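Note that the chains take the letters A, B, C, D and E in the order they are written out, and that residue 1 is the start of every chain.
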Amino acid sequence: MSPAPTSHRKRIWGRRVSAIAGFVVTVFLTFLGLLAITFFIGRVIPIDPVLAVVGDRATNAVYEAARVQMGLDQPLPVQFFRYVVGVFTGDLGRSVSTGRSVVEDISRFFPATLEMATIGIIIGVVVGVPLGVIAASRQGSWIDQIIRIVGLLGYSMPAFWLGLVGLALFYARLRWVGGPGRLDIFYDGLVSPVTGLLLVDSLLAGEFDIFFNAITHLILPASVLGFFSLAYIARMTRSFMLDQLNQEFVTTARVKGVPERVVIWRHAFNPIRVQLITVIGLSYAGLLEGSVMIETVFSWPGIGNYLTTALLNADMNAVLGSTLVIGAVFIFINKISDVLYRVLDPRAR
Amino acid sequence: ATPADALVIAQNIDDIVALDPAQAYEFTSGEINTNVYDRLVGYEAEDTTVLAPGLASEWVADDAAKTITFTLRDATFASGNPVRPEDVVFSFNRVITLNLTPAFILTQLGWTPENMADMVSIADGKVVVTYEGDFSSAFVLNVLASRPASIVDEVLVTENAVGEDLGNAWLNTHSAGSGPFVMSDYRPAEIVRLTANETYFRGAPAMKTIIIRHVAEAATQQLLLTSGDVDIAKNLTPDQIASLPADTVKVETFPQAAVHFLSFNQKTESLTPPAVWEAARYLVDYDGMTETFLKGQMEKHQAFWPKGFPGSYDETPFTYDVEKAKQILADAGVETPINVTLDVINSTPFTDIAQSLQAGFAEAGINFEILPGTGAQVITKYRERTHQAMLLYWGPDFMDPHSNAKAFAYNSDNSDATYTATTTWRNAWAVPQELNDKVTAALAEPDQAKRNEDYIEIQKEAQASSPIVIMFQAALTIAMANNVDGYVNGATSDFVYYRLVTKE
Amino acid sequence: MSAIELNNVDISYGDSKVVHGVNLDIAEGESFALVGESGSGKSTILRAIAGLAPDWTGGISVLGRPRTHGIERRVARQVQMVFQDPYGSLHPRKTIDAALSEPLAINGVGNRGERVAAMLMAVGLDQRFRFRFPHQLSGGQRQRVAIARALMLEPKVLLLDEPTSALDVSVQAEILNLLKRLRREQGLTYLLVTHNLPVVSFLCDRLAVMRHGRIVEVADVALLKQGKLVEAYSQELLAATEGIVLVGTPS
Amino acid sequence: MTSTRDWLLEDSPTSLWQANAGRAYRVFMALLRNPLSALGGVIILVLILTAIFAPWIAPFSATGQNLKARLLPPSGVNLMGTDELGRDIFSRVIYGSQITLTIVGLVALISAPLGLLVGAVAGYFGGWTDRLLMGFTDIFLSMPKLILALAFVAALGPGINNAIIAIAITSWPAYARIARAETLTIRNAEFIQAVQLQGANPLRVIVQHILPLCTSSMIVRVTLDMAGVILTAAGLGFIGLGAQPPLPEWGAMISRGRTFILDQWWVATMPGFAIIIVSLGFCFLGDGLRDVLDPKSEGK
Amino acid sequence: MANGAPPPSFPSRKGEGGAEPLLSVKNLRVSFPTHRGRVEVVKGISFSVGKERLGIVGESGSGKSMTGRSILKLIRKPGLVTADRMEFDGIDLLSQSEKQMRSIRGARISMVMQDPKFSLNPVMTVGEQIGEALVTHTRLPRREVNERIWAMLDSVRIDDPKRVAGLYPHEVSGGMGQRVMIAMMLIPEPELLIADEPTSALDVSVQAQVLDIIDDLVTTKGMGLILISHDLGLVSRYCDRILVMNSGVVVEECAAGELENASHPYTRGLLAAMPTINEQRDELPVLDRTQWAGT
């Protein structure tokens, strides 16, 4: 039962190395699977990608030349292999609908979405978590019912509808917020993109006007997104909290005479932080893709818009590239919540 | 509110694939090319129906020798480089060498990469254009007024060429023309910014900046317009237009060259009887649609060459008459019901038209199963001739009746192998030889008046019997702020001009 | 022939070995107890015999035949196990009838309805209970059902893992009586895990005391009754038990 | 009446049928006792009845056009107004319930059992089976769901059936995860070990013993997800890849009506309300079911 | 015995209890709604405790824990507690607000919860949780709090208090968990301790150790103890007085030493049903529930 310490350490090391290797392999395989599925879906789409390049009136010669140039004359496995090789050398190919390299497109569109989704998730967390906690701690009261219903509404409302109504009300009628797009026309193109996140770039450039203008444009779409994540987060928080509040150790805390505030936040809330992180991670990832609908309504030059347009034009490089990026973010977020899980939950250490 | 010297437009611009005039083939890129480049001759903002001198101040046509000699005016590109005959030669050569989509417009003139040195040359500081084929110089001038014939700045383009691309990549994001504007910024699916060219030979435009902002949602465009954050909204529906506030917004209507049609693929057995074609003409509720959801957006038109252009045939002999259609079908012994699919682009107003057609045709026992798809999807199918019925539209490639006659009344080889981008071939309609001949003859007719007569004749024939039912001619209703003046929108997107716009 | 024979058995869970070199020989018809402190590996031994802890070395044979490492049908019909937790050992969504028919269905035995009825009778449960769900039963009733289920296949050997420790004395008595009666009637062999010495005294013939994964003592129950266990740890157990058990129970 | 009730609540049922009916009855009563879940149940019931009796309820046909009566505001004749082709929106909403119900039903029928099976098998066998199946599941999970659905529909061609398939394909992985997690907790339960000891083969253990326990949480989850399914279908309709015209699918109706949202609000709003109400109905019901079917509360 | 616990002792301290009860309860009822209407799980029991050791025994589900919890008003909606009287040291517990209860809980009455596995917060260290009980009711510098925690852990015979204080509940064994629980409830030095099955999870040898610890503290600090268990032997050994409960009712009350002479058939049945270490009976007598039903 007591092996020599060196061999013990070796075993731990071995385990750690194999854990890391396993992790890398699974991530890699997940990526490859992601690529393969998107790739093959893309190839069976009944849309001819060549047409997106040459238009519908091109002559046969022009059409064929473009086809060969796009590599579509090769057998599917070869195309896939070429694509994968490209991906690992940082080349996602060229988008036929914008005519630019996909990497360039994504580096332009993705930050816009990221910015919106991030503000959205911040709203969702800052509002949703306390709401969930309040609802749980007053289970059954009217305030709980209202929070529940608000939460369920978030599940039941079409996002594009809410976005349009929001625009009509807060922008057109009340003029409280900026309209569609990331900035007023007047400010457009004044700061050169560094990170692509306008809020950050404008601060870096010291352009506070632009910063505030960007906020007025961002706030509405982010709030709409935020509403959906808020609904989800509040709901999950409530249900986690209820689970905790019914636990014996909460009663134990009460037996000690601990104030209710401490019971709720320290005893009931602390244990669910970990679960909440997973929930938040999930809904953050959800927001990234959920922005597809919102972006159309708000003319937001984001990745969701890019992706759908690309999809509808069989612009497969663009579709693959954006799916890859969003998928990568999904995987990344999942892993981050795994790591945080380990850091925050003593049971998992 | 928008700045006084800037025109802000809300428009769906995600159709842009390329902006290089040698490659551009979409509506929006056509618009931008027109405002950024000049051609030797062209239809100008002041009157879009008259062919006017462009970079060529004058020209001499020799129909016998099949040459036209152009004298260039004294102009400069926006870059400051002078416009030289070499630029013209370079520009035409580029199109033929690159051989991208719109090249076919120029290759009609018999130009090939091999013979270009002979076909376009410089003599005495003038450009001599030679063409080959049975057509008149009038036709050639129309071709040279088209988009791919735009003149680019050879010096600037060559500086920015990469490898063998003749500057193609660079021109897709920059401009190198002599037109009234310079494209100063283009971000796909986001924005196009045009800046005034102060050295434009017709005089610098009043608007210093034109901003075309990508807004896909019509409702959002409407919001932006009524809020005063844009000056023009381009893609509003008739219903939206009807409800705009008259005190701040005005609406202008521009007839368009595009015709909308319903066509039957002749590879579908049940759609081959001419009686079905004829009955179909009585099953479209032309007036019902144009008076309601197509109001201001389409006009009833039943021949392939649009109204308002020389050679058009404006009679509309068919009306919605279910009984008559039933009679025609019964007389011909066509068995109903006929069940076919109808492919349609899944956006307004196409789906609405399709649904209206569906309701109308069902009355006579022709049942459509509507298959909406994205534009790309529908075109893919169309190109493969795997559709059954199709609801689509056609805009001429250049403003000569032949452009449409070829598409709607000419098909000399209906075999699968010889793909042709005409409506006739794509619907597998083997046009009767007699009609084919008439189209060829009209093209070669040097007398303009006679030529127009010929086209009217061809249209009458095609209207009487063809599996293509032309229903409407499009119109553009564009809503703009009251203070915007001088916006010109000709019959196609190639005729959109911003240089006369002023704002009070 | 011995019912259960363990020959120098080591059992591990993953990397940690929890049972070390255990030898046991239980005769057919015997009732044998395993006692010892918590975590000493008592349950683990039972699980290994049943096939639920497949990671062992050494020799285990049941009714004279060596046992393989997984779950075997043949063994299933000879050896059955009753678990400690009456609440966890019955499927919450299945009626008692279903739980008792299941072993018959698995092993293709016919005439199920009657057998179930007879078995319910044998464990002293009224037919009223037949179509109830487990949550409609008390702990003791559930444990009877669990015993009944173990007996459905008419095994020779019953492995009992603390079958009464979750129950009250009053219920415990019923179950102990039941076990004693069944053994008498059906000639069963018991291997019973417990840390309750009076239970051993009531139900068993011999006992083994375990500590830290090893058997420290095997003794006759008579010695236990007389408080004459040899090993120090056994004595410690005895002392703790005596302190708490009421002295001079009425008999 | 009382005798049926007594029969149902009988403590000692005399047959399996009575036992199961009694359990169902208790669940049902518990649901009714919670006002929100009762409301949810009523909404779903109304939805089902509406779908069945649509031809009798709807005053007009769902597809009959009347171009002269376009975009009329709600009135006594057209309760919810008319749409851009002069069709009665109320009638379309009524007929739309059939489509919604079909979508919801089929998605649930396809994805939940699939997810259940994959998850249970992975969880039960563990090891390589688990790694393989879950790897596959994770790939699907790590793909943006909506995008994946979009891609599938784009590949299969637009239409309601393909939309259903696409949504089903994208929703099973979540169920597989739940089922796996649940299986992991059940797998080592003593009652599972007991059937293993009786010689049951894995198939039997999974199908007869593990799956029934996963179903209640699955039912809850599926019910709660139905709102999402409706919204995804609507989203596909919004992009034009869902139901084809003239089918009165609510999402497609909103999508078409969205250009009118500023001036003829009812065109998009009425089907919007329908979606919200039905989704809410499913959410309420799911919430209630969770409380009722929760094994922790089962015993009481 | 491992740590030389004192031999079984039955000191008589009954007099104090009789004189001025610390807690007196009269006609306590606890009910819960079920689908058959409200069900009473405690049906009007009365008792009083002084500075003595009161044992409550009874089978599972007889309402022992509910009795203990209702004293601290820990029963949450929809559970309902009523009583004619529930007085602790002159304070009417029934009329106390939640806030006032908080100053009583822990500081003056505390309760060792039944199951240490679920009764300890999984994400707080054992030390923090013990300290919390102290910090809530007193103002002490951090250092002193730590000292007290270690001292307390030491007094419940935990070998390495400093290390154990830094552990999380899942890192301690069941026996240690129960000792931690006890430490946590004793550190504010309450006047009355309710111990609900403090040893149910332990095997006999550890059980004895733990109970000896409590007993020791009761004796030295002079507090009242209510010991809840289902084990007759255990209660009779560690308590002065015993209440026997059955389905929400007290069926017997007697001094611990006189348990053998208990008169109620239920109590007698329980006693008889226990096997002994030197068991000679061939069959254990089982409770005949009809005998005492209706009490």
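One rule holds for everything that comes next: a residue touches a chain if its C-beta (ideal position, glycine included) is under 8 Å from a C-beta of that chain, and two chains touch if they have at least 3 such contacts.
None of these values were measured; they are calculated from a predicted model.
K.L.:
Please give the intersection of the contact partners of chain B with those of chain D.
P.N.:
Chains touching both chain B and chain D: A.
K.L.:
Taking each chain's centre as the mean of its CA atoms, which one is most distant from chain C?
P.N.:
The chain lying farthest from chain C is B.
K.L.:
If you tally the C-beta contacts, which comes out ahead, C-E or A-E?
P.N.:
Ranking C-E and A-E by C-beta contacts puts C-E first.
K.L.:
Cα centroid separation between chain A and chain C, in whole Å?
P.N.:
54
K.L.:
Counting in whole Å, what is the centre-to-centre distance of chain B and chain E, each centre being its mean C-alpha position?
P.N.:
About 90 Å, centre to centre.
K.L.:
Can you work out the whole-Å distance between the CA centroids of chain A and chain B?
P.N.:
40
K.L.:
How big is the gap, in whole Å, between where the Cα atoms of chain A centre and where those of chain D centre?
P.N.:
25
K.L.:
For chain B, give me the residues that contact two or more of the other chains.
P.N.:
In chain B, 217, 219, 223, 374, 377 touch at least two other chains.
K.L.:
Which chain E residues reach two or more other chains?
P.N.:
In chain E, no residue touches at least two other chains, as defined above.
K.L.:
Spell out the part of chain C that touches chain D in their complex, as residue ranges.
P.N.:
50-52, 71-73, 76-77, 80-81, 83-85, 88-95, 97-98, 102-103, 106-107, 126, 128-129, 131-133, 135-136, 146, 149-150, 152-153
K.L.:
Which of the residues in chain B come into contact with chain D in the complex?
P.N.:
On the chain B side, the touching residues are 217-219, 222-223, 237, 239-240, 243, 285, 288-289, 291-293, 346-348, 351-352, 354-356, 358-359, 370-374, 377.
K.L.:
Considering the complex alone, what residue numbers of chain D touch chain C?
P.N.:
Against chain C, chain D makes touches at 11-16, 18-19, 23, 189-191, 193-200, 204, 208-209, 212-213, 295, 298-299.
K.L.:
Going by the contact rule set out above, which residues of chain E touch chain C in the complex?
P.N.:
1-2, 8, 59-60, 173-175, 202-208, 230-234, 236-237, 259-260, 268-287
K.L.:
Note which residues of chain A are touching chain B in the complex, please.
P.N.:
Touch residues, chain A against chain B: 46-48, 51-63, 65, 96-100, 105, 108, 164, 167-168, 171-172, 175, 179-181, 184-186, 188-189, 296-299, 301, 305-306, 309, 312-314.
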